[in-house]
Every structure is written in structure tokens, then in C-alpha cells.
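By letter and in written order, the chains are A, B, C and D; residue numbering begins at 1 in each of them.
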Amino acid sequence: MTAEQIIFLIVAVVTLVAALSVVISRNLIHSALWLILTLFGVAIFYVLLEAGFFAVIQVIVYIGAIAILFIFAAMLTRRVMQDTGPQSNTNWWIGALIALFLLAGIVFILLSWRGSTTPLAELENQSGRLSQLGLSLVSPDQYVLPFELASVLLVAGMIGAIFVAGDKKQ
Amino acid sequence: MNFISDPVTFIANWLNNLLTSWGLSQAVVTVILKFIGAGIVGAFGFALVIFTIWLERKLYGRIQDRLGPNRVGPWGIFQTVPDIIKIFTKEYITPVGADKIVYNLAPILSVSAVLLTWAVIPFAPTIVGTEVNVGVLYLVAVGAIGALGIILAGWSSNNKYSLLGSFRAVAQVVSYEVPMVLALLVPVLLGRSMGINSLVNAQSVWFIVLSPIAALIFFTSSMAEVGRAPFDLLEADSELVAGYQTEYSGLKFGMFYVGEFLHAFTISALTVTLFFGGWRGPWAVQVPLLGVVWFFIKSFIVYYVVVLIRISMPRLRIDQMLNFNWKFLTPLALVLLIATAIVDKTFFTLLPGLNLLEIAIPWVRAGVHLVMNLLLILVTIQLLKSYRIKRILVVAKPRPVAVAPEPPASVIS
Amino acid sequence: MSTELLIWLLPLPPLLAFFLIVLFTNRYKGLSHSLAVGAALLSWLGSMVVFFQATRAEHLGSHPFVSVLNWLPTGEKWFQIGIRIDPLSAATLFFVAWTVLMIFIYSVGYHNYGQPKGDHDQKGLQPHGATVADEHGHKHLVPSIEPMYSRFFAFIGLFAFGMYTLVVSDNLLTLFVGWEIMGLCSYLLIGFWYQKPSARAAMIKAFMTTRVGDVFMLLGIAYLYTSVGSLSYSDIFKPETLHLLASTPAIGGFLGFSAAGLIGILLFIGTIGKSAQWPLHVWLPDAMEGPTPVSAMIHAATMVSAGVYMVIRMFPLLQAGSEGGHLTTAMSVMTVIGAFTAIFAATIALAQNDIKRVLAYSTISQLGYMVAALGIGAYVAAAFHLLTHAFFKALLFLGSGSVIHGVEHGVLHTGEKVDPQDMFNMGGLRKKMPVTFWTFLIGGFALSGFPLITAGFWSKDEILADAFANGHWVVFITLALAAFLTAFYTARQITLTFLGEPRTASSQHAQETTWTMTLPLVVLAVFAISIGWIGISESFPVIGGLVPNFIHEFVGSTLAEIPESIPFSFVPLLVSIIVALGGLALGWWVYRDQKAGAEDPLKRMLGPVHNLLKNKYYFDEIYDTIFVRPAYWLADNFTNQILDRGIIDGILHFVARIASNVGHVFRNYIDKPLVNGFGDFVGEGIKRVGRGIKVIQTGKVQQYLLMALVLAFGAMFYFVFALFGH
Amino acid sequence: MIPLSWYLIFAAALFCIGLYGVLARKNAIGILMGIELMLNSVNVNLIAFWRYRAPNGIAGQAFAIIVFAVAAAEVAVGLALIISIYRRRSSVVADEMNLMKW
């Protein structure tokens, strides 16, 4: 068990526990905070996978923006905060059952899949990769369409959100 | 590579050899060294705060034509120490109904956010925290965590004022992040890299010369980010008591206080590294220590400007602040980014055309960019003027003069 | 222009005249009548040329002028029609041409051409005269022109075409065509004044009775065609076909007839209908409703003589199978019918007051003579009598027409309401209408057979001589008696109309008719006398050899071999002289001082018999009761009530009821339950299914997700495990 | 040297927890958080596949970026909707938003 694996296990455990508590915790803000912790865990995973850029993007996008949005939303719908009683609805056990069932299925498939034990190839052009990614995102024959669509989606989402959530001053 | 010119690396190597000699594996040794380095930088950060607090209070006094702290130690330089001791001894009061975990977590987050930025700033060609190739984005990410701290503090103290305060603070921090990021992109564009070290190396001609507007936008938006000076709505004493810090006392309040001051100095350091060439100076390359000296001299000058602005500028209203951001800074930053990209691209495509001396290229490039920026400044000023005139016009509409009501029809006939 | 081509062209001018008048010129009376008369003149001229060439051609009988044309494709060979002029048709052609021309000219005057238009004359009614003011304003009535003047000429033109086709045709089919055209024209012309109800009844009666005869004739023709395969005379009269027909028994073994006999009888029934022999004679007297030229045309020139001509033409067929003098059954039937009709019609003629009806019955009896003559085998005598009879009968009719016209003139003049045709209103016209009187007198003497002078004597004498010579006593006696009666009623007629004093004011003012009417009378009178002289048998004591017995050689030659002329004997000669002179004297004596309004002396003599005769042996009533009323009854009760309403409607109603029941069954047992049921079932089923499924839509988003996931997993596992078999 | 399967199993676990969150949470915002977790697990998968299977390929990273963008947009719109629903019906519980019920 190398140092890396140990770190991997620790972070994995921490992230999964955080994720679980996101789902289970009574208080919405607490679940938001746990979400932030999970996102940090995922960011660390990116670092482990030597995708530094994604780790930082993860932090900026998720933690910087989305988590804050969640907290904002939780605060805005404040009256509900004191809601008592269990946070999960009546037939939660079906959900649990399906989740477990899915997990079992996927794990079973993964273990039986030959490719899951591929060796870790060494990365060569460390620095060039980022610029290559940037270029691929805008070069017409690769991913310019999804990139532009994503931008359109973001603008539309922004306008939509403003329009829907903005309280109409009647 | 001897002790005088480059003490830090000297010590680092010495330690490294020492530990390896003790039989630890190289990986473990690097981990330990990393820890030691982080510890030194953190301690240095706090020490720096103590000095800057004193410096700031002295400056306030001098600007306001008073002496400032001079009782404790010569020129009052030890004034900060009794403050710290005072804060340490204060009693911890946690408000009723406060969310304990989140209440205690908030100050830690806000201070750690600031300290994390120091990990990336290069003090000298050889002395730098970690060499991250997406350094600039790292800075932005860390800024986001700071915002998180503020929200949690505001919300967990179960106090309406603090909640309102935290909302406003977050709104301000999040919205000012946008122009800051855009302004950051300009040096990235010019330096052709996201890593801060490579940026500094690329600054043979300081970026301030190439795009003063970017520097200005970055500086103002980071000031807003910190929540000081004209934008210090966060803990506007007159209005929201201490904003989100009201419910904190003792060391927790201290943490916030230290975090804030350190953040102020950090933004000046950042401005220096990104726009004023960081540790670049004569012989800096040869003698790393000299780089550090240059770096701190520039930082303190910028810090001086920050304090100066803080003292002299009146506080902005929340809507003015947001309008200034969304209606002036962000569009300007966008236009600037696009303009620099275009100019840079055309310059490099035309470069082979006009045969310049090898060393003259950066200067010519700087000139071209400077011209573009000046043009942009003129245009914006012109726009602002026309915009202002129009507003005045609106105000000047005459009001209807009171007229006696006509007598009822029955009377006339 | 070969004679054959000329023969082809003979019938065409009247047809052409008919079409031109009907289509173009029926508004211009002058143009129409000149067209018709011109056409008749042309045909007459053609006929005379043909007749002259026929007489000059040697033994025409065996080599007649024949020209044949392919007309209908019947299987492998063509059905041929054509023209054939042999001595018999030449002779017929001769008298037909003359009489038709005379009648055409006569009818111009008869219809008062040139007279003013009638005041209130209507189409379809007799002209009632026009008021004319003479120079000093004195108004008086004048006979007005016939309103449908050109229409009359068109029809008699068609009538003439029919007769000419019949005469020149070489086969029975075109003969039948001409026969039918004449039947049509008689129908149209009898009912010329169609507004008169009696005219309308008469035209239908004429048409129907002749039609009965025609049906049997057609049967005969069909039977002949089936057995011989062709209808042309040359094929029929071949000796072997005749022998074949005579030998083969009739189809139904009908009364022991041979095929030839049966065909002959069937054809003879056609003649009975057409020439008004005994059972089917009722239509002829009523045919007097038509204008007089028509009566003349029908009873003298064409219609009736056509019937006899056809029988004479078919004589070899009838005679087939009779060895020597023995009569075949067909010939004996003819003799019986002919003789009976002669005596029967003569008796009725006695009691008739209408001048034209007397002549009508005399025609029937004279035709009876010819048929009887043929019956006993006197082929040449019958043809000769046909020839002579045509002339003097046409003369008599046109004379009576001119008398009626004169009396009518008187009626218009005096304004007296009296029937211009009743002999008892006439009398003393001898002085008023001398030409008409003398020509009518010649005609009358020819009819009654005034010895030696008139043609009628020679032809009738021939028949009596033949009957006497061949020992047919019964026939001889009846014909002699009929001759006596003929002489009597002819004298009665002449004395009543011309001699004595005028009994009514209108007969007082009768005037002679115009030249267009009197000229034909004179011409016909000449013929009535002269035609007889060419038929005197050589063996006649004094004048026998003077003129060669042209008729005998010429007409006789149409038969295979000329029948030998009978030896002369005094008995028939004397008998016919006595009979003729006696009848005439008796008739004159009985009616010489007939007073106006006085009763018919014959009535006193005969009493009830006279009444019987006046009513024509009540044959009209008999036929009415036997045929007409049952026909009406049949039509009304049987066909209408029983057949139509009962059976056909019954069937329809039945089918309708069945259809409605079936429809009912379909509706209630198939349509409603099945089709509607199915529709409702679908609707209801969908609603129920819908209600069942809607439970799934709980509104809870997460439950939807659950369902989706379950399905997704199901699909995933299916693919992973089932399809890829892992 | 961490084998690829570890990452995949971790991502699967994270995904299932997210799924459970979505299925079982009463609060609409909780559901959104669940979705966020699922998206993150997808990202981890993408990057893991990129790192192990196609290091010099770009597809994995490009997809990850697009997933980031989509996730951000999705959260923004989702929360906007939830806030507007809350403003009208003053309740954020998923079960109570069942107007579309039969």
C-alpha cells in the first residue's frame, strides 16, 4: 500500500461519509456544508488523477458558485429550515434498495470487466496538455460545438433563472 | 548558490540531506520539508500582519494629522502585541441557537482562504510555495472559499443583522470576483501562461506598462474583495454594527481581524506579482534574496496606496457599489480583454513583417498595448461624460405651477 | 340509261317529293302540289317507257328485266333485293301509273287550290268555306282551301312510292316494305282530318285490321324464307322448289296442308286484311272518312289492288301440287272466301245511302270476284279484271268526289245544314254537272258490266266464262247473282244522284267542278271503255279476232307456260248480259221518281232485311263484342289488375318485404350488437384502461424517477444478461 | 499506483449515494444536491477514464468541462424554480408539488 493509495483511501472514505451525510443530515445547511466537503474530496481526487486544472475548476465552479447558491437557496427558503421530522419521504427504503441494487450491479460489472486493471500510463507533456485542451475546445473539428452550446446553455440558464426567480414588482 | 544570495534553498537542501541521512525515504522527506515550508510561510504571514496593523494605524494618525500609537515601544511598534494579548484573553461568547459547528468553522475558513494564496506567490526566482501551472485559477478558487466563510459566519450567528450583513458581503465578494477574474486573464493572455512564476518571468516589461487598465480593475476589484476602504460595507460600523462579525468575540473575532488585514496585504502582493513584476529588479535573478527585497518594497508601496485609499475614500452605498461593478468594471474588463487579445494577435502576426531588433520586441509590444489602453481610457471617459450629461438633463424638467381650479360650470352660465 | 336503271328510279320521284314537301316546302301550297304532281308525272313517264319496252321485248315472261343488289349479309351469302319487271308487273305498273297521276291532278282541284283561306278553318278539320265580298259588296260563302294542303300531297306522294316499290320489287321482302308503307299512308290519310273523332277511329280501325292480316302474311314470308332460304320470285317459282314445297307437309301438319299450301294461305290472309275480304273487310267502308282522292287511291289504284297483285304473283305457289284442274285446298279456300265476299258486299251496298260507302262495298265485292277467279285458277281473267276494275273504280270515286264537291258548293251557297255525301239530298245533277254525269255514267256501266262496250263487261265475262268452263257451278251462280246486285245498286246510285229532280236546295245550286277535277274523269272514262278491247278472247263470235287477245298472251306468259284459253260458250255471255241489263233497268225503275224526304223504296220491299243490310250485318258490333271489348277487359282487368298489380307488384312488394326484414335482421342482430358493440367496447375499454393506468401519475416527482429507474434497470439487465449472455 | 477499478467503484458509490439522495430526500434542494453528487461522480469517472485509458486523448477532459457547465446551469435554473415555487406555495417539499397529479 503506497502513500498514494493510503491518501486515496482516506480521502475516498471521507468523501463518501460526507456524501452520505449530505443525504441523511436533517438540517439543510448542514447537508450543504457536507456537500462542500464532498466537492473538496472530489477536487482532491482530481489532483490525485493529476488533473490539477480540473481540481481548481471544481473548487471555483462547484464550491465557489454552486455550493454558495445552495446555501443561498437554503437560507431563502428559511421558514422551512426548522422543519421537524425525518428529511426523507415515505418510501425512502425503495430508493435505498434501488441504490444498493445499482451499486451491486455496477460493481459486479466493473469487477468482471477486463479493462478495469489497466496500468497507469505515464503522462508526458505535462504543460502542453492544458493548452491542447483549450485548443480542442475551440477548434472546429473537435469540441467547438459543445463548447458554444454550453455557453448558450449558461446564458439561457442565467436569463431563465433571473426571470423565474426575480420577484415581479407588481 | 550560497547562504547569502539564496538562504532559503540553502537551508532546504541542508535539511533535505540531513533527513535523508537519517534514513527516511525521499518522499517522506519532501512531505516533511513541504510541511516545514508551509509552517514558515504561515508564521511569516501572521508576523507580517502584526507589523501591517501597526503600520496602518500609524499612517491613519499621520494622515489625520495625529500621532497614532507611540506609547508601547519606540514609535509604538509593539502596540499590536498588547492588542493581540487583549483579544486572546477575551471570553468566548457563542450566541443561543447558533449552529455550533458552522459558528466555529467560519473564522477558520476566512483566515485559511487568505493564507492559501501565499502558497502560490513567488518571493524570489527560487523561493516559491508550490509551482502550480494553474496558479491564477488557484487564486480565484481561494477567493471563493473566503466568501464561503463570510456566509457561514453570518448565518450561524443566528442574528438577523449578521445574516443581512453576510448576504451583502457575499453579494459584493461574488460580484467583484467577475471583473477580478477577467482582469487576471489579461496578464495570463500577455504572459501566455497561467502559472504565476511563468507570469513573473514573462514580465521583462512590467505588465502595468502594457495594460494599466487591467491593473487598475484588478486592484479595485481585489480591494472590494477584501471589503476595505470605499467598499467596506461588510462591517460598516455605523450601519450594521460589525456586520457578520457582531456575534464573534475573543480570538474568533481576532481571526477575522487578522484575516482581513492579511488579505489586504495579500492583494497588494498579488498586484505586485502580476503587474509590477514581482521579484524582478536589478540582479534579482542572480541573488534570490535581492528578489525578495524587491518584492517586499513594491508590496509595501502598493499597500501604502491601499491604506491611503481606505482612509480618504467615503463609503459606497450597496446599490452604487453593485452598479459600479456590473455597469462599469465588468463591461470595461470584457472590452479590455477582447481588445488586448486582438492587438496581441495582430502584433504577433505582423511581427515578421517589420524587422525589429530582438531585444526591442517587448518594448514595441508594450508601446502598442499602451496606446490601445490609452485609447480605451479616452473612449470610456467620453462615454461617462455623455452619460452624466444625459442624467442631468432628466433632473432639470420643470414642475407644473399650481393653477387655481376653474369655478364649477353652474356658476359661469 | 338502261331500262333496269330506269326501273330502279321509278319509285324515287314520289319519295323525293314527299321529303321535299315535308322538310322544305310545306308552307308554299303551290310549290308543294306542283312538286307532287311533277313527281307523279315523272314516275308515270318512266312507267310508260318501261311498259312500252316490256311489250316490245319478246317472251318477257322467261327473261324479265331483273337487276339485283346485295343488301344484308346473311352468313356466307348475301340477302339480295332488286327490281323485276315481267308481264304481270308491267301491266300493274301501267294502270298504277295512270291512276296515281289522275288522282294527283284531281286532288289539286279537290282541295280548292286557288280559293281564299277559310275564315275559321282549323288544321285537322274539313274546310268550312270563306266569306268573300264580290264587286258590289254582296257577301257569300265560297269553299276555302284545305289548311293542310301540302301535307296531303306529301302523304299521297309517300303512298305512290309505296305502291311503286311493291310493284317493281323482285322479292317478297321489299314487296312487304311497300305493303307496310302503304298501310302507314292509308292510316295517315284516312285520318287526314284528325280533329274528327270518327276519322280518328276509322284510321285506327283500318290500321289494326290490316295489321292483323299483315301478321299472318309475315308468318307466311318467314315460313317461306326458312323453307326456301330466299324470298326472291326467281328462286321461289323454280319448278323444283315448288315441287319440294308442295310435297313437304306443313310444319304442324295443319289440317293436312302442304308447306306450299300453308304458306299460300298465310299470304292470302295478308291479302284478306289488305284487300278487305270477308272477315277483315270492316275497315274499308270506314276508310271513307278520309278525303275522296284518298278513297280513290286506296280502293282503286293502290292499296286493295296491291293485295290482289300479291296473290296473283303467288299464284304458282298456291297452285303448286294441283294436278290438272283439281284445286288445291288453298285455292278452294280462296274461291270460297272470294265468292262469299262478292255476294256479301254486294248485298250491303244495296242499303247504303252515302255515295262513297256504296262504292266502298262495290270495291269489296269486285275484289271478291278477282279472289274467286284466282281461286278457280282463272289467272289471266283475275289479272284482267284487276286492270279494268282499277280504272272504272278510280273513275267512279273521283266522280263521286266531284259530285260531293258540287253539292258542298251548293250547301255553302244556300247555308243549308245538309250532309253533302247523302244521295237522298241530291238528285237532278245531270243538268248542273254534265261532264261528271257522263263520266260517272260510263264508270257505272263499266262496273255493272254493260255488254260489249265497257271494259268491266269483258273482264267479268272472262271470269264467269272461266268459272262456267271449269264447271264450278256454285261459284258461277254466286258471281252471276253478285253481278246482278252490282248492276242494281249502280243504277240506284246514278238515278238517285243525277236523274230526277234535285231534292234539296243545295243540290239545286250544285255547280260543275273545275277542269283539274273533270279532266282526270274524262281520261279515266276513255280507259274504262277502251281497256276492255285488248282482252277479248279470239273465240268470241264476231269481234273475237279483231283485236289480238293481248292480255292473254302478255300477262299469261308470266307463268311458266301460258294457260290454254278456254273454249267460247254462249251460256256465260248470255247470263252476264241479262244480269247487267236487268240490274240496270230494275235499279232505274225503282228509283226514278224519288221525292225529297221520301223513304227508300227498297226499305219497304226488304223491311227488316234492309235494316240488317244498312247495319252491315252488324259485323262492326259483332267484332266490337268479340274482339274490342274483351281486349279492353283483358287490358283492364287481367293485365292491369291481375298481372300487373297482382303478380308483378306482388313480387316487388314481396321482395321489398324480404329486403326490409333482412335489413331489420342485419340492423338488430349484426349492426347494433356487433359493430356498435365493438365501437363502444373499444371506447369503454380505453376508458377503463386509462382509469387503471392513471393511478401511476401520483404527482410525486421522485416516484416517477423510481419507476423510470426500475424500467431502466430492467432494460439494462435484459441487455447485459439476456442479449450478451455475459 | 491506484488501480482504475478503485476510482470507478468510488464513483459508483458516490453515484448511488446521490441517487438515494434524489429518491429519498423530501426537500427539493436536497434532491438537487443529490443530482450534484451524481454529476460529480460522472466527472470523476470521466477524468479517471481519461487518465488511465486515453491519457493523450482530449475527449474525457472536454466532456468533464461540458459537464461542469451543464451542472452549473442546471443548479442555477433548478434553484430559481424552487425559489419561485417556494414564493408561491411557501413549501419546498417535493411531495407537495404534485399539481401535475391526475
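One rule holds for everything that comes next: a residue touches a chain if its C-beta (ideal position, glycine included) is under 8 Å from a C-beta of that chain, and two chains touch if they have at least 3 such contacts.
Nothing here was measured: the structure is a model prediction, and the numbers come from that model.
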Going by CA means, which chain is nearest the middle of everything shown? D
A-D versus A-C: which interface comes out with more C-beta contact pairs? A-D
Return the distance between the CA-based centres of chain A and chain D, expressed in whole Å. 6
Chain A and chain C have mean C-alpha positions lying a whole-number Å distance apart equal to 123
What whole-number Å value describes the gap between the mean CA coordinates of chain A and chain B? 29
When centres are defined as mean Cα positions, the distance from chain B to chain C in whole Å is 141
Residues of chain C touching 2+ other chains? 700, 702, 706, 709
Residue numbers in chain B touching two or more further chains are none
Among chain A residues, those touching two or more other chains are 57, 65, 72, 89, 94-95, 98, 102
Would you please name all pairs of chains that touch? A-B, A-C, A-D, C-D
For chain A, which residues count as touching chain D in their complex? 2, 4-5, 8, 12, 15-16, 19-20, 22-23, 28, 31-32, 35, 38-39, 42, 45-46, 48-51, 54, 57-58, 61-62, 65-66, 69-70, 72-74, 76-77, 79-80, 83, 86-89, 92, 94-96, 98-100, 102-103, 106-107, 110-111, 115-121, 123-124, 132-133, 136-137, 142-143, 146-147, 150-151, 153-154, 156-158, 160-162, 164-165, 167
Along chain C, where are the residues that touch chain D in the complex? 694-695, 697-702, 705-706, 709
What residues on chain A touch chain B, complex-wise? 3, 27, 29-30, 33, 36, 52-53, 56-57, 59-60, 63-65, 67-68, 71-72, 75, 126-127, 130
Could you pull out which chain A residues touch chain C in their complex? 89, 91, 94-95, 98, 101-102, 105, 109, 112
Listed in rising order, chain B residues that touch chain A in their complex are 27-28, 99, 101-102, 105, 132-134, 137-138, 140-141, 143-145, 147-148, 151-152, 155, 163, 167, 170, 174, 177, 194
